[in-house]
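Chain lettering (A, B and C) follows the sequence in which the chains are written, and residue indices restart at 1 in each chain.
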């Protein structure tokens, strides 16, 4: 990239400023790299006479005893947490996965339309909900079964949980932006029919048209 | 998990071994993370009497002049490659979607005038905000809805995020380029300069004339 | 004071024609039509700023009167060539025509309306502010940015310092997912009709922009009609802007007054707003 045009009559060792510069560059490149870095990949960035191996050893020494070490793995170099601190990383080794599109859509409908039934969710989404989406949302702790709607079939009603509010930093459901806000932020287009409404979500106690869940519901799910 | 069972009769300052240990832990935790880390997230790993801010400052000093620096972004800390090496590390092929002029203009208005409303942004630009300016900026994670202004209509107020600071290498809003000059020229005001107080961009907690995002949504729907 | 704006327009005409010719030769066939890429502007203020820059003086020293005339002439030419112009541009034309009249007619002592100088200063301020914000944006985007010149740890090690959430989603994604679904459903059975009517919302926004920061009485209806209306639209414009202004009064945004029946309707921004 940028080539060093230093007239390198002297050995590197006699040029502490150059050495420092090389060390800094190596440090930055290895830090920013997604994979361990081979010395030859560092070459183009360094001054012509740089002794890469020596520089790497020097840098490794500098990091020795620190919280992070520069380590060599099969001729390639990487920064790693010091062995004796690796417990820090094991502490909470939970994998964080982004919510799937389908789950996100389902969650958003439940959030706005609650208390709502599976059939109602499917009506808004226009596709039938796989069993998996509701399960995932329950597992995440973001939705719960509230009760049963007093209509034929007695479908289960769903609503969001306190963890849901917590995760999305909402103080209450009222914090969900309304129609005008969604339009104002550009999320909804302004060319919507005037009769489009966004329901007022409700997570209070069971409503008149809801019955409590009975004991078999858990298994049924 | 592993709790420090140090009998802390002495002050931390008298325990260089403890301090070193704390420094190493902070180093490891921040180094391992891609995103800035809040001091409160470090707390549980450190000894009870640790002065986190002082330790962070010390670590930052240690890394000063190196290829990788410990930097402060809003109130969080992260390791980042040194900015004087930026010309060397420059990656031009990461161009995702270049920011449109409208979006960039909107972003700078929000950054310098925050907290600000959509109507105020439109007033500065002299044109109504099309779809895809505010929401692109929200999608990028650079701006967020803060609250509602206590004026008729209770418009939503927008402000910048911590990611915004991180992305543009700003420690705080006070580092916005040209801020002092703009302040001096009165151009951050909504009105023609008079003897009015000149507002400064502000991303702290809700102000007196802002309400949290709530209540009104209910009435609206 | 305004003698040179004609030169500028002619000059503009030829250069615009040149660039038009490169893009589309059919435009050239009618060489009397000025080729204007109004799409290239980010709204009327942007156009004004561009015109102001062509005065080649510091924004603090531009002639606002000349600028207003250049703008009006510009809009007039485009309208003659029957190019559709967004309402935003016409609103500003209306305002500038008003400004021009205030600047050219001496102010009577009893006059309640703002002085031309005051309006001109306001416009100048807005141009300066827009330019400042634009420059600030350029400076921002040219900073060393994360992921381009400044880098985070390339291979972060998996630790969860915060809580152990199994799934990640943010509020923005949630709102976006919801909006998209609601909108998708509508599109399937809703085809908006194109009506030649000023929506109340449009009228409202236009009025608000027109009134802007004015703390003094402004009479706008004449200008609105002259610049915004084709003859067949008079009714809807008057109806919508009148209704919208009432709404704005009710919400406390503006005040209205009329000295007698059929006198012009004056409005201004409400004092305590």
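The definition used in the following text is that a residue touches a chain if its C-beta (ideal position, glycine included) is under 8 Å from a C-beta of that chain, and two chains touch if they have at least 3 such contacts.
Since the structure is predicted, the reported quantities are computational estimates derived from the model, not experimental observations.
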Which one chain sits nearest the middle, judging by mean Cα positions?
B
Based on CA centres, what chain would you say lies at the far end from chain C?
A
Any idea whether B-C or A-C has more C-beta pairs in contact?
B-C
Return the distance between the CA-based centres of chain A and chain B, expressed in whole Å.
19
Can you give the whole-Å distance between the Cα centres of chain B and chain C?
31
List the centre-to-centre spacing of chain A and chain C in whole Å, with centres computed as mean CA coordinates.
39
Shared-contact residues (touching 2 or more other chains) in chain A
28, 31-32, 79, 81, 88-89, 91, 176-177, 185, 187, 189-190, 198
Could you check chain C for residues that touch two or more other chains and list them?
151-153, 157-159, 161, 176
Listed in rising order, chain C residues that touch chain B in their complex are 42-46, 48, 88, 92, 121-122, 125-126, 128-130, 132-141, 143-153, 156-159, 161-162, 172, 176, 205, 208-209, 212-213, 251-253, 273
Which chain A residues qualify as touching chain C in the complex?
28, 31-35, 78-81, 88-89, 91-99, 101, 103-105, 107-109, 111-112, 124-126, 136, 139-140, 142, 167-170, 176-177, 182, 185, 187-193, 196, 198
Touching residues on chain B, where the partner in the complex is chain A:
1-2, 23-29, 31-32, 45, 65-68, 79, 81-82, 85, 87-90, 118, 129-135, 138, 145, 155-156, 212-218, 220-221
For the chain C and chain A complex, residues of the former touching the latter
151-155, 157-161, 163-171, 173-179, 181-186, 190, 192, 201
Report the residues of chain A in contact with chain B in the complex, numbered from low to high.
1-2, 23-29, 31-32, 45, 66-68, 79, 81-82, 85, 87-89, 91, 171-172, 174-181, 184-187, 189-190, 197-200
